[in-house]
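Beneath this line is the structure, given in structure tokens, with notes to follow.
A, B, C and D are the chain letters, set down in written order, and residue numbers restart from 1 in every chain.
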Amino acid sequence: MTISRDAVLDWLKAFAAEIEAQKDYLTQLDAAIGDADHGANMHRGLQTSLAKVQSVADKDIGTIFKTVGMTLVSTVGGAAGPLYGTMFMQMGTASAGKMELSLTDWVATFEAGVNGVVMRGKANLGDKTMVDALTPALNALKESVANGASTGVALQKAAEAAAQGRDATIPMVAKKGRASYLGERSAGHLDPGAASSTIMLQTAANTWATS
Amino acid sequence: MTISRDAVLDWLKAFAAEIEAQKDYLTQLDAAIGDADHGANMHRGLQTSLAKVQSVADKDIGTIFKTVGMTLVSTVGGAAGPLYGTMFMQMGTASAGKMELSLTDWVATFEAGVNGVVMRGKANLGDKTMVDALTPALNALKESVANGASTGVALQKAAEAAAQGRDATIPMVAKKGRASYLGERSAGHLDPGAASSTIMLQTAANTWATS
Amino acid sequence: MKKLINKPEDVVVESLRGLAAAHADILRVEFDPNFVVRLDAPVKGKVGVISGGGSGHEPMHGGFVGYGMLDAACPGAVFTSPTPDQMLAATKAVNGGAGVLHIVKNYTGDVMNFEMAADLARSEGIEVESVVINDDVAVQDSLYTAGRRGVGTTVIAEKMTGAAAEQRRPLKEVAEVCRKVNAMGRSMGMALTSCTVPHAGKPTFDLPEDEMEIGIGIHGEPGRQRMKLAPAAEIAEMLVKPIVEDLPFKSGDEVLLFLNGMGGTPLIELYLMYNEVNKILSGQGIKVTRSLVGSYITSLEMAGCSVTLVKLDDELTKLWDAPVKTPALRWGI
Amino acid sequence: MKKLINKPEDVVVESLRGLAAAHADILRVEFDPNFVVRLDAPVKGKVGVISGGGSGHEPMHGGFVGYGMLDAACPGAVFTSPTPDQMLAATKAVNGGAGVLHIVKNYTGDVMNFEMAADLARSEGIEVESVVINDDVAVQDSLYTAGRRGVGTTVIAEKMTGAAAEQRRPLKEVAEVCRKVNAMGRSMGMALTSCTVPHAGKPTFDLPEDEMEIGIGIHGEPGRQRMKLAPAAEIAEMLVKPIVEDLPFKSGDEVLLFLNGMGGTPLIELYLMYNEVNKILSGQGIKVTRSLVGSYITSLEMAGCSVTLVKLDDELTKLWDAPVKTPALRWGI
């Protein structure tokens, strides 16, 4: 039960497709507590990434993630660019040389990515950011591995944990990012980055379900 | 049956009061084919005129009209300022030294005023301006005098002629003033200056009815 | 009505106080009658150049008072021509003995009030020349109408005429320069929204979300025609074509391109429009050698823009480049 | 959405082309990665000063590129911080051997992207200093949050820092000047309307006819609180009070007063607001010795204004007065 390079490429396509589908929704979320650009930013970055990835499709998974990370950094901008960019670049380092990923490989890879986001953005749990979706997902993933769950089950649990973390951002008063400027007024709104992170994890679960 | 100096002062008050009452209506008319300021302009000028007139209330009617004319010129601005200002200044010259006006005095006085407007603005009948209300009023006034009508009847006929001339401006395509910039689009709207001129003549008829 | 104001009747005077306080190194403002005047006026031996018009077109005209441009400006009520007493007072204040030029935008009210002021000034022995600006190609010219409006070319004319006056040229020549700029300049404007005259309290006209007005002036009045909203490239075509055909501007001509905002349109859009207009002109071999981009002759908060082209020769180019120091236009000093 | 644009995705690039064409005597624009750069860059032996940020704030930053201000500016997508590759390319293009200063507005995205760019530049052997501008008193400062936004003071900091660089001062000193301006500057803004991000297609927030937002930033975001529309005099109080208390500014202080428009508010209102703010300050004995009035750091077509006060001393006053030649700010040259 491993995640092949093709499965990784399929996931990136699925992630990009779902972001495109939810582009306007993400921008609406950002309009409420930010500056109405998160959907457009993520869409621009992922489309360019898909194009760039063609040229390294025959390389190892680490190279593919690194390419995505660098493309996101140079095309997304805003806060999401460096954050998602760093996440994928770190994932690339962690999976360097690999042509397929076992579940434990993926956990290590994803953990490196999440650490990259925290290192770059210095957000804590409860600050109303994508970290509130990513960290619960990572913890769920580790727990599943400890319990010897199947890849499919582990990934689905991770996606569900992300979704719960995403919804938990609604009552939070933002401490990081643009939403923090609103103070109390930021409460009552779902964080757009937590939403895009959940899409990332849900599309992984869907694409790799059969792995 | 003459128009006393007090009757003249009462007319000016009535004219100013009616302009104040119809200020917003006149501005709306101007908004449709001009720049939405005719009501405010006329109101500003007539209120200042009433104040200025206090100081010459004991002088002859010519001085009173001259004072009104000069005040209008220096407070109304726009097209209406020089036009109404010139009208009253010319009326002042025509009635210089008079302490009361017979109907024929008034016809001569008003004719001088209308000539002043035409001299200053060079508008012809049918150009969709105040002239389309003033000239018919003047003609009606002369005709009444020729027929030996009473002052009250003559003034009322003049006001009615002005109102007809005012309404006749609706289908006209403006050739003078701001409305002319609209070309064909100026048709279908009543000319604001024709409306204020009609107010002037109607308030005269009302105030002097019993003269 | 959403405006940063106190009472509608105080807008003009309170705004003038702000202008005076912010630019006390360049100008001062006199009240009753109201006019904005250069600190060092009257400049001995220099032709005084004044203009004036309704308020609501800021920075025109008060923002153009200073070295190398206007000696004084007379602000009327919003969209209402100022009065002869203001113009007379300004004329006296800037008369340095070489006479005074009145730059008048062609609106019935402005023309009549300046006429009366010029008569009064002459009767007091001041030599006065008047030049009427009528550059708006949206209006067909005709002997039997009020003629064309004075719009964007007014800004360029005030700059170049002011420069000629600084050179101590005589009144007749300074007036000639102004007439030349007017003869060489053409403009056309459009609106995405109406504007609200403070006294009126609501928009002068209503414009649906998907429509625009083409051929507007600078008083919030509707234009020559209303049409569906179009991309910037098409709007540029609609504005440039009648301008180029009217003078006409031809291949090889050197021009000043003035891309003006109506007050509520941000610079990012004005530069985008400049790009579209510039592409059309270079496609026709018309060379833009001088440019001005920004909101300089406005219609309160109206969204929209206007294009002004002035055909340049050496004299006009030099006059444009000459130093100017006013609140709104400044270079070389 | 009513804008003078073609396709939303082309707005930034097409507007940059207009900027380049209109000001070819001052700057040029490079594409992929996008940045605006001084014609004469790199200036040998001079510290290069660059800034950048999302588009939609025009004329900031591209309109401030030129002699005496910025050597280069990196424009991102509308309201989106530019990317490290743009900043790296700009840094290389302006490095005259004396190092490069990055002036960064305090937004998470801007800070992170400039951080990455600085690391890349250093790894290529270019000396880089970064100064973060965080002057918005509407946001409580705290160690545990993203802190205060960088707003109006950015414009003043770019002008004064650019002047210091022209004096050939070393990187450390130029950075010190920038930090000093930031330390002496405070701002607060308000909005009468929202604005529409081209990609979003509709206003970021809805604001009823009789309400306003106080404590807004420059990205069309809602402010700290929504309240009923008030007269200009009261709005001025709401903006000035928190600024004066924060530094604090005290009687006898000499200050630069920057009355900024958010993009859709015309000059007549900005000067009126300037008058109100000036009255309050003089009432407190705070002396306005330098002024800037206009729309220089904007939020697309948002209607509203912001007030920035910068406490002046001789050094800062001289740096403000020093010659500058950019599309948006120009004097003395």
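The definition used in the following text is that contacts are C-beta pairs under 8 Å (C-beta built on N, C-alpha and C of every residue); 3 or more make two chains touch, one makes a residue touch a chain.
These figures come from a predicted structure and were not determined experimentally.
Number of steps on the shortest path from chain A to chain B, with steps defined by chain touch: 3. Common neighbours of chain A and chain D: there are none. Work out the mean CA point of chain B and of chain D, and you get 55 Å between them.
Annotation: 32 Å between the Cα-based centres of chain B and chain C.
Averaged C-alpha coordinates put the centre of chain C at 29 Å from the centre of chain D. The multi-chain contact residues of chain B, meaning those touching 2 or more other chains, do not exist; every residue touches at most one other chain. Shared interface positions of chain C, i.e. residues touching 2 or more other chains, are not present.
Of all possible chain pairs, those that touch are A-D, B-C, C-D.
For chain C in complex with chain B, the residues that touch the partner chain are 33, 54, 76-85, 107-109, 112-113, 115-116, 136, 138-140, 144-146, 149, 197, 199-200, 204-205, 217, 219-222, 224-225. The part of chain D that touches chain C in the complex is made up of residues 2-7, 11-12, 14-19, 21-23, 55-56, 58-59, 63, 192-193, 209, 212, 229, 231-233, 235, 257, 259, 263-276, 278, 288, 291, 293, 295, 298, 300-301, 303-305, 325, 327, 330-333. Touching chain D in their complex are the following residues of chain A: 27, 31-37, 39-41, 44, 73-83, 120-121, 175-178, 180-183, 185.
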